[in-house]
Every structure is written in C-alpha cells, then in structure tokens.
Amino acid sequence: MSDLSLRSAFAVLLKRDLVLAYRRRAEIANPLLFFILITALFPLGLGSNKPMLQAVGPGVIWVAALLAALLSLDGMFRSDFEDGSLEQLMLSSHPVSLLVVAKISAHWLVTGLPLVVVAPLLGVLLSLPGDAIAVLVLTLLLGTPILSLIGAVGVALTVGLRRGGIILSLLVLPLYVPVLIFASDAVSTAAAGIPITAQLYIIGAMLVLALSLAPLATAASLRVSLS
Amino acid sequence: MTPRRKKRLYLVLIILAGIGTATGLALTAFDENLMFFYSPTEVRAGKAPTDHPFRLGGLVTEGSVERQADGLTVRFELTDTQEAVTVQYTGILPDLFREGQGIVSKGRLGADGVFVADEVLAKHDENYMPPEVADALKTAHEQGVQGTQAKTAVQ
Amino acid sequence: MPELAAELLECERNGRVLFSGLGFSLQPGQILMLEGRNGSGKTSLLRILCGIRLPDAGLVSWGGEDIFKLGPDYHEHVSYVGHRDGVKQDLTPRENLRIARAMGKPNPDVEIEDVLEFFDLYDLDDVPTRTLSAGQQRRLALGRLLVTRATLWLLDEPFTSLDRHGIDRFEKLMQEHGEAGGMVALTTHHRVALPDTKRINLSS
Amino acid sequence: MFMRWFHELGSPPYFYRFAGRLIPWLGGLCLVLLVTGLYLGLIVAPSDYQQGESYRIIYIHVPSAWMSLFIYVVMAACGAIALIWRMKLAEVVAISSAPVGASFTFLALVTGSLWGKPMWGTWWVWDARLTSELLLLFLYLGVIALYSAIEDKRQAARAASILAIVGVVNIPLIHYSVEWWNTLHQGPTVTKFDAPSIDVRMLVPLLIMALAFKLFYIVNMLMRARCELLSRERNSRWVAELAEADHG
C-alpha cells in the first residue's frame, strides 16, 4: 500500500514538472539554444580549419554542455522555493530523497535529453568522424544525468540565496570537472580510433555513485536551505 | 522491526549497492588502458594512434643521445627495457634529462617510426638519497646481480 | 490519537534568541493560537513544529517520539499552510489539489470536486491558478487541508486575503476539525471567535 | 570521564578559555619545530643524487600537500558531526579550518609548480595529481564562499558542511591518482607500505616540518575558532562578561 502510494507520488511529481515545463517551453528551450550557439561560435572564432576543429571539438561540445546544464539548473528548485511548493515537498509523507529523484529526472528529461539529441548535429558542425559522434552521444547520455544529479545538490544549497548564480557555478563546476575530463577524452580517443571502454566504465561509475548519493545530499541541502 | 527502520535499512542497502557498483566499475576501468602515456612496447605493438598526438613514456637508453648539428635538435631512444622508440626533439631539455632517466614526451609518430616530440618532460622517481648513497647502492646492486649469476653458474 | 509536545524549545536567528525554554502540548481536539509582535518568532515556531526548521535547542515530539526522527511518518499527520501558498501558478486548481493529495496520505472520504465546491472554486477549476485572485489562491491553499488525512493543521496567517465570508467559513471548518479530534496551531492577527482555544504569547 | 571532558569542551565559553591557554604553547612549539626543520632541511641534509639542491622544496611542498588533504578530511568530519549531532563547536572548527586548508593547498600548488619547472621542464601539466589538487582548492573556496553568502551563520555552517562532505570523493582521487594513472607526478615516498625510499637524513627534517605545519594549522584554526565563537555568541552572557572583564 505504502509502496503503491510512493510510486504514485513519484509519478505525480514527475508529471507535474513535465507539465510545468511544457507550459513554459520557451524557457526550457533557452539552455538548448545556448548549447548550440556556444558550439557554433567556435568554428566562427577559430576559423574552419578542419583538423583543428576535430581536435578541439569533443572538448568544446562538452564544455558547452556543462555550461548549458549549469544555466538550466536554477530552474530545478527556484520557482518551487519562491511559491512555497518546496516546503510542501519537504512535508510530504514520502521520503524527500526519493521525491527529489523525480524532480531530477524531470529536469534531465527536459534539459539534458535535448542536448543528447542535438549533439550529432554539433558533431557534424565540428567535423567529428562518425565513430566519435556515436561516442559523443553515448557519453552525453551517460554524463548529462550526472550533471543534473550533482547540480541538484548545488542548487539545493543555494536556492535560498538572492544571488545564488555565481556561487552555484563555483560549487558545481569543480565537481563537474571529472565528467568533462573523461567524457571529452573518450570522444577524442574514439576519434583517434582507440578503444574507450575504460573511460565509459569510469563515467558509468560516476553515474552510479551520483545516483546513489546525490539525492540524499540534495534532500539534506534542501532541509538546510529551508530552515 | 518497525516499518520506518525497515525503510531506512532498504535505503542504506541500496546506497551501499550503488557505491559497490561504482567501485567495481572504476576498478574494471583501471584494468583497461587508461593512462597518461603509452610505453614503447605498446607503440611497437601498434596500440598507439598514428595520426594523433599522444604521450610516450620510458627511460632514455644509455648512450643513445645524439645532438644534431644545429645544437638544439636531439635524438634519443626511449625504452621500457623491452622495446625502444627513437625520439626526436628540438628545444631546451629539462635539468633532469639524462641517460637512464624517466621521460614523458608528447608528440606524433612519424611514418618512419620516429616519434617527433614537441614537449619533453622529465619524470623523477620517488627516491631521495645523497649521491654517495646512490653510488653505494648501485655498486651493491651490481655485485648482487653478479652474486646471483655466480650462484646460477654453480648450480 | 497522539499528542504534539514541545519541550524547552529555543530558536535563534542571526545570533539573536527569539525564544527559549518554550514548552507546551497540544491534545487532540485542541486549537492553539500563537500570538506575539512582529518578529517574535511565530512563523519560526510554526516551522519548527512542521519539522522544516531545526530548533536550536529542545525537542518537539509526536506521540512521545522526536519528530525529526519520525520524518515522513510524522508528516503524514501534518498539513501546513504557510506565508507562501505553495500552489503552482501554471497549474489549474484541480491539478494543484491532485498533487497535494498524492504528496500526503490521501483522504478517501473527500473528493477533489467537493473541496473545490466548498471553497467556491468549482467554476475556476480549468484555468491556470495565476489568473485567480489572491483570496481565491488562499482558499485553494486551504483546500489542501482537506484532501489528505492530516490531523494536525499548522497555519501561518490563514486568513490573509480572505473576505468576511471566507473567514467565517474557515473558522467553522477549524472548529469542526477540532470537534472531530483534529488539532490546529495557527498564528493570526484577526480576532478569532473560537471556543476552547489555547493561547501562547511569544512576546511575553 | 572522557565523554564528560568532551562534552565540556563542546561548550563555547570553556572551549574559548581552553583554546586561549593552549595557543601560546602550541604556537611556541610550532616555531621551534619550524626553525629546526628548516635548518636541518635546508642546511644540514645532503643534496639529492638526481635533483641536487632543488629537491629541498619538498620541505615545504610535501607537508603542505599532506595538510591540504588532512585539513579537508578534518573539515568534512567536523561537518558530519555538526550535521548529525548539531554540535556548535564542530561547525566552528569546520569553518575555521577552511581558510587554512585553502592556503596550504595553494602553497602546495605554487611550490609544486616552482619545482616542476626545473625538474620536469614545465610549470604545470594537467595530470591527475595536479588537476585533482587544483579541484581541492576550488572545493575549499566553494565552502568558504557558500559560508559567507548565507546570512544565518548556523544555517551557513550546515550548508558548508554538506558541501565539504560531498567534496570528500575527491580526496581518494588525489591520494591514489599517482598509483592509478601513469602520471608525471612521482609516486608516494614516505607513505608507501614498505620502507620509505628516502634517506633518513632527509626524512627527519621532512617529518619535523610536517609536525610543525600540523601545529601551525591547529594554532591558526583555534585562533579563528575563537574569533568565530565571539562573533557568533556576541549576544550571550559569557561574551558580555568577557568584554566587561576586559574593560574593567
């Protein structure tokens, strides 16, 4: 009985955030446009020297993905904090750390998944070889949920602050660095035609670790921020 | 057990399982090739990229360092005691560069099998000792090697 | 039904002690009014009772157990309406209530339609909450109290933006909740005509 | 007995007085060790068979790097205590440790860079050890920034504690990076399981310096903690009494 109601609470919350995102779809599109624009700036700024673009491409796309994720984070808890829904979430009769997973999933579906979808296009713009594009998509698929999970902790810590944005990036970006290193390394290694299973294992390990610890840390941080 | 305790226990178990899985994945990754540089053996075996810059690490082979006429370009062999790769570098070498020393160099592998480096870094080891001790150790080691050889010969 | 008890509560904000050594208990059927000047810590006390805010010292217990240890097991008995309504502006009143119901322990005896009806929101149930007036939004927030089986209502200035009719109606609702064995703790500046209320003044 | 002492130490006025009495002693000892360590390390110890005189920077670099990790772990542990048992003093110790730890991390990075240029041939290289140590600096700065951004200091301390605990995942990464990856940075010397591969005349000054740095941290942290306590408890009776005694 309680499992059933937990599952329905999870589903209701997930659906709520998706519906809200849909009703504000213009805002949701912003990080995605930002991602595409930032990546497009590099060929414009560096000149369309193909080998060079190939060399910097994986790093550029991943840095852009990082910044786009950072930009989208604020939306995860800010409006809930301002209208009081976050207090209500904390007072739910279900464990907060599980409800937080619903919110993070919604955030990823709305902001992370689109990045994965448009990534091949950007790979083509930066003239990455086909294998590298496939790996790019794979690393983004594994890596962007980590960004949402770690980001949730950062937003939860800064949600009560009036100018939390700068601090948020100071807290979150260092924690993003390992993802960036291994993911862009995997893509450029794949471009060189070398097996990348090791990097994928590492990213997988980070994902599992973030999945099991970040929700707890987020719930604890929200508790602190609301008190 | 109260339902609350039970729930908490499940949660702890899930988290522990998560951490365990993560560790397992990470350890699997370390069994694969995840490294800062390639060794000469791997280069010889064709594991290093051909049209991509990479790092090559190894020991400078004794007696292999030759300076070109321009005084800046150096050629030397890097070895991991199994295989060796010839490295060519133009520029100023670090203090610690000498024969027998560990080196990490970054560059590309040419079609002729020569590694053209655009950066040479000297990797020093974790041993610290005064020169006289190092000498003494070296002699002792050589004697030790001779000793074992003598033993083998006797047997 | 368990009772809510507070022992030696202390609360400080930015190094200033708002109250300390505060103790009281709330039995089923009782209504507790928290009084005091602005900034005397009424809202902080309510949030401590909710379990959102940690007291700097002391203990709040529900049926003899620390509410912070009980966590969600305590929250299934609690419904809180704070300064901020806690409704999503882009969702309709009906959607808002459906979410509130799923977050707590749903009350099977109450239909969402009845709640909307009771708070005069029935005709507005398919427009975004953003288009509702402040008083209507407040009524929607109060509607949350009915959709779950919460017995303890914690209300921070529940009468804000309500008209005379709404106030009377809600007073009556609180009274009925008390008669049915529920408990209410509220802060308000309105003179409330409720029998059998307990009062705590934080300013004295 | 011990628990009672521990509990007493947890009360701010007691800790304030206790730390006040401890500081001059520890500070003096720290100074003596620092001078001895530097004298032995820079003048008495022999030069290295490979690196000559340049290796002497280990007397600053290695203890700073150790302290950067040690202080982070202390900070996170105090943070955990502060979160679980809501102990005021643990909050204060955690938050007072952060600036000292950040300074040591910075010092380790700078001295490492100074060492790297002549030895490796580069000021900086993005290998695992160096990158993860740089991340540690950012983690420290994040903790400090978060703490100062939140107005209510108790809330701030708890938020900073959570961040510190989250950042702990970086610590094993730094420590084991030289073993897990083929880094440019050399492997551990003193802490490896078999006998340290360093001459004893070089090891002794290193250990003395390490102890001196540890004492420096404790003294500095205690001084900061005293200030923090005074500013947090400025409205309490014991601070008022203290101020009165000072004036009178």
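Just a few scattered comments:
In this document, chain identifiers A, B, C and D correspond to the written order of the chains, with residue numbering beginning at 1 in each.
Please note the rule applied: a contact is a pair of C-beta atoms (placed from the backbone, for glycine too) under 8 Å apart; a residue touches a chain by one contact, two chains touch by 3 or more.
Everything numeric in this text was worked out from a predicted model, so none of it was measured.
Legend note: the chain whose CA centroid lies nearest the centroid of all displayed protein CA atoms is A.
Counting C-beta pairs in contact, the pair that comes out ahead of the other among A-C and A-D is A-C.
Each chain gets one centre point, the mean of its Cα atoms, and the points for chain B and chain C are 66 Å apart. Chain A and chain B have centres, each the mean of its CA atoms, that are 35 Å apart.
Computed from the mean C-alpha positions, the centre of chain A lies at a distance of 33 Å from the centre of chain D.
Residue positions 95, 209, 213, 227 of chain A each touch two or more of the other chains. Within chain C, contacts with two or more other chains are made by residues 54, 71, 73.
Counting only residues that touch two or more partner chains, chain D has none. Partner chain A is touched in their complex by these residues of chain C: 47, 50-54, 71-73, 75-76, 78-80, 82-91, 95, 98-100, 102-106, 128, 144, 148. The touching residues of chain A, counted against chain C in their complex, run 5, 8-9, 12-13, 16, 19-20, 23-24, 82-85, 87-96, 99, 223, 226-227. Across the complex, chain D meets chain A through its residues 83, 131, 135, 138-139, 141-142, 145-146, 149-150, 155, 158-159, 162-163, 165-167, 169, 173. Residues 46-51, 54-55, 58, 118-122, 125, 127-128, 180-184, 186-189, 192, 197-199, 201-202 of chain D are the ones touching chain B in the complex. Of all residues in chain B, only 30, 34-37, 57, 92-97, 101, 104, 119-135 touch chain D in the complex they form.
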